[in-house]
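Right after this note come the structures.
What follows is chain A paired twice: with chain B in the first complex and chain C in the second.
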Partner chain A sequence: MYVAVKGGEAAIENAHRLLDDRRRGDRSVPALTLDQIAGQLALAVDRVMAEGSLYDRELGALAVKQARGDLIEAIFLLRAYRTTLPRFGYSRPVDTAAMLVERRISACYKDLPGGQVLGPTFDYTHRLLDPALAEDAGTDQPVRREGETEPVMRVSEILAGEGLIEGDGAVAQEKGVGDITRTPMEFPMDRDTRLQALSRGDEGFLLALGYSTQRGYARSHPFAGEIRIGEVEVSVDIPELGFAVSLGRVQVTECQMVNQFKGSAKAPPQFTRGYGLVFGQSERKAMAMALVDRALRASELGEDMTAPAQDEEFVISHSDNVQATGFVEHLKLPHYVDFQAELDLVRRMRAEHDAARVTGAGDELEAAE
Partner chain B sequence: MVNDSKNAPDTGQQGRARRMAVLAQADPRQLACLWRDLGIDPAFSLVRGPETGLVTLRGRIGGGGSPFNFGEATVTRATVRLGNGAVGHAWMLGRDHAKAKLAAVIDALAADPAMERSIEASLIAPLARSAADADDAKRAETAATRVDFFTMVWGED
Partner chain C sequence: MNATAGAIATYNFAYLDEQTKRMIRRAILKGIAIPGYQVPFASREMPMPYGWGTGGVQVTASILGPDDTLKVIDQGADDTTNAISIRKFFQKTAGVATTTRTGDATVIQTRHRIPETPLKSGQVLVYQVPIPEPLRFLEPRETETRKMHALEEYGLMHVKLYEDIARNGHIATTYAYPVKVEGRYVMDPSPTPKFDNPKMHMSPALQLFGAGREKRIYAIPPFTRVVSLDFEDHPFTVQDFGRPCALCGAEHVYLDEVILDDAGGRMFICSDTDHCEERREAGHAGEMLAGEAAQ
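Moving on to the complex of A and B:
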């Protein structure tokens, strides 16, 4: 028999109204605009787009505002929104070599074609809080240096010239490009599917796993071969036209991690690679993704499986923060009946335990006599 | 602008792809302004949309290897038909329905060679110039953050 317990409608409605009020806060303070969020909290919006797996700056800003700055909640909102839209198709692969570069660094080569270009980075700042930012004191225009258009060569191409690095990475494509938004995940995965999961995976989780590989849990001697941030063109084959058209550009961060490899029966000693590609200016995430991608290639490369970061099922099954927060947070929903059953069970077990102790104590007494 | 090696494109197709790319990237306010200055207001009917959906974006493993899906983007498309029967399409990132509709009308108008020249001169060229200027500014700002290494020598010999 089921007995539905009703109630709570008024409380829920009032709670949501209170949420609206607290989100808005002090009415004498101007409300945030989406332009302000997209422009001045751009990296929060980037993270929401990357892990929400939906590139749309305005929606990302709206999600951040609606979620009161709770980024996982904002990511959840974006994921929910995307399920309401029809799918028009797949883009042609973006060409990161043709990127309009805003930042490009290599930790492997000091002098390389295209140079070390810092872009708008936190690196080399002193991480001292700046009281001047508490006011809007005005900001200098950036410095410009005109007339330099050297092509920005990939670091992997430099190493490939010597034959000391593996290729870009190929997976068998008979069954087409894997898509976790269309087909339920199955293990073991191909690398293309794994990269899709990692690209929208939780930054904190991937950061911790990447860090664990540096600390010795599946050590892979990584170097940041190259990190580049910038805009790439999105082209789609338009069925009604019969040719491809550019739909505009998206900003991405790409990380090519270069890792030492002692060699195996199948491959000579060489550098191997991990790859990261993430929406927006998301350098930490792209680096973590590349470290974890490399760690997850352990079985492909015939390495010993010793660490959590190498365990594909563990990593991929727990990398999605929308799934994770759904399951963790569901614990706060009413479990009254479940709990009553557990309570009964524990009471019964306790009674049996106590009874056994009394009998047991009696047995011991008898034995002593 | 558009990387189209698979289909051997004729110049008309190339021109159309380039025009659509410029319109897709255009700032909506600038496009609306230039359109108003052009002073034409053709009758048209909507064949499809404007409608917003998703395109799944692909990258390549290692930058140049096998393709993989790495996320989705909002895309808006529209198809219109003019009174003379010319059909125009628009596809662009984002959710701007007004802009997609206008771009589709412009695409349809450009099927007429005389109109195409006027659209090229009054709309596409200035939009392309603005986009190129913005890119140049970004390139110059980025170039100023390029590291110029130099060496320092200590001690004798």
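Moving on to the complex of A and C:
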């Protein structure tokens, strides 16, 4: 008799059942295991751990599987789990100088102490599709040189020796650890919390913003001072024991950009830094983060504010892809109550408009004035 | 959803951990102490997307006890998909009783409407809020709008409303119509139609507002003055549909327009499904039902 427009509980259940079916796909093909995802789609899992801010390869792989490979959906799943975990404390700062380096390159020096270590990189591969990968044709064992177990000196320390680069920046002792997941963000932000937000920010968004700085929107003449990927030890102070205890190791990617700086009234000409640190192997993200971090330091360094990448409130408010995807996609939800109110208004205004046209040219002239 | 030994992921009562609930309850208490003031809180990721009610869900999760009875509505209806989804979420994570009856609920979470049945003392109405800042579309920067609230600098809002009148002859805001709370803070009532604004004034129920993505909580304690902004010569008015509900015959309620066929046929029915059902159970019938009965 009349069209029933309201959604039904059964419809939702059926939709989710269909989703489960589509996720599984052809039942004659073996289901993916978490080991396969964590092992063979490792960079997808790395991105999910980084932007999900939770270092757990097993849960990352589960999220990728559950999300059918939609990485933002997987990030969302991981975040929604992470957020329910009680907070026991904060680790000590990780020491990236003591990293077990698997990859370490510098664009500033031809050779340097510790050497250029390429590691497992797509760089210098030819992007030709490899039909052999369609089958499991067997893979050669990697070649390993006799490893240097010495800590590898940071490039920033080499430059700092000459006084050519600004310091790392000091954090007041009494300040404590900033935590964007436990304290609502306030602008302007401190650099530590800003870096936290960037570290879990959307790779694509930061990539585009970093790119915009290279194309002249807040150009900062960057050099990739150093990129390093490897495992660092995470330790936490146990108050009852009075010393720090190691929790294990996590893989991180660190990028230090070295940027030109002409000097200002406050500071002499010197190189400045942009910093990126991301869970897992996420080089593109770490580099983009370092570019954006440097751009966001414009007001601190007394530079002209001219571009979106320098605008902290704009960048940080829109960098979280879980927030962004939710709000964009919420437009799918029913809005008919408000739309009804707008319908009513537009009808009324059209009626007034038509009435005004009928009453003649004199009124129109007045309106035009 | 209690902890199961060996499971790789487990969840607490009503999903959030107790530390988080305590933090949110503190924000709620601060909001109640300063009616209409937006309290920043460390909003958590929730298992539904931002913009789909995460703020409301966090507030509800933090105030919900095992003895509560929960009602969830979206667009006034209990059977809209997102309302069903949120109600099922709390059934699953908290195991609380749920209802569609406004009068039976202790906590009502809502998106875009206030129930037609007047709320009672002891009830809590939790609003889902997308953009908590009433000044946002006049000034995009949070740093600026917070300053404007602190200084009670609301001239810009009045200028906007005045410009509406100058251009259209009336205020062209039909929902999310700004209100002033207890004579101090200008507040966004969330995108409820302005039809519902008067229900907020001196309500015996506690009204809580949660904006998850924007990380803000605000509140209207019971019996608080809530006044829609207007001018002496252009007083605030609510929508009048000029017709009763086609199903239950209710007048002076908010109506949904339902398209009946592809020839322009339409009818208007209660947006509040519970109100409509209760009236029909009590024997009221609108023209559509009366017509059917006659056939």
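By definition in this document, the second predicted complex is superposed on the first by the 341 of 369 C-alpha atoms of A that agree within 3 Å, B and C clash if a C-alpha of one lies under 4 Å from a C-alpha of the other, contacts with A are read in each partner's own complex, and residues count from 1 in each chain.
Simple rule for what comes next: contacts are C-beta pairs under 8 Å (C-beta built on N, C-alpha and C of every residue); 3 or more make two chains touch, one makes a residue touch a chain.
Owing to the predicted nature of the structure, the values given are computational and were not obtained by experimental measurement.
Contacts of A:245 after superposition: chain B is touched, whereas chain C is not reached. By the touch criterion defined above, A:22 reaches neither chain B nor chain C.
Look at A:86: by the touch rule set out above, it reaches both chain B and chain C. Residue contacts after overlaying the shared chain place A:215 against neither chain B nor chain C. Of the two partner chains placed around the shared chain by superposition, neither chain B nor chain C is touched by A:126. In the superposed pair of complexes, A:337 makes contact with chain C only, with no contact to chain B. Look at A:184: by the touch rule set out above, it reaches chain C but stays clear of chain B.
In the superposition on chain A, contact of A:59 is made with both chain B and chain C.
Once the two complexes are overlaid on chain A, the chain A residues touched by chain B in the first and by chain C in the second are 58-59, 82, 85-87, 181. Those residues of chain A whose C-beta lies close enough to touch chain B in the complex are 49-50, 53-56, 58-59, 82, 85-98, 100-103, 110-111, 115-120, 142-146, 148-149, 154, 156, 167-171, 173, 177-181, 191-193, 195-196, 199-200, 233-236, 238, 240-250, 252, 254, 256, 273, 275, 277-279. The touching residues of chain B, counted against chain A in their complex, run 1-4, 6-7, 9, 13, 16-17, 20-21, 24-25, 51-75, 77, 79, 89, 91-95, 135, 137-147, 149.
Partner chain C is touched in their complex by these residues of chain A: 1-3, 5-9, 11-12, 58-59, 62, 76-77, 79-87, 181-188, 313, 317, 322-330, 333-338, 340-345, 349, 352.
Interface residues of chain C facing chain A in the complex, by the touch rule stated above, are 8-9, 11-12, 15-20, 23, 40-52, 54, 74-77, 79-82, 84-85, 88, 111-113, 130, 141-143, 168-169, 172, 174-176, 191-195, 213, 215, 239, 254-260, 267, 271, 273, 288, 292.
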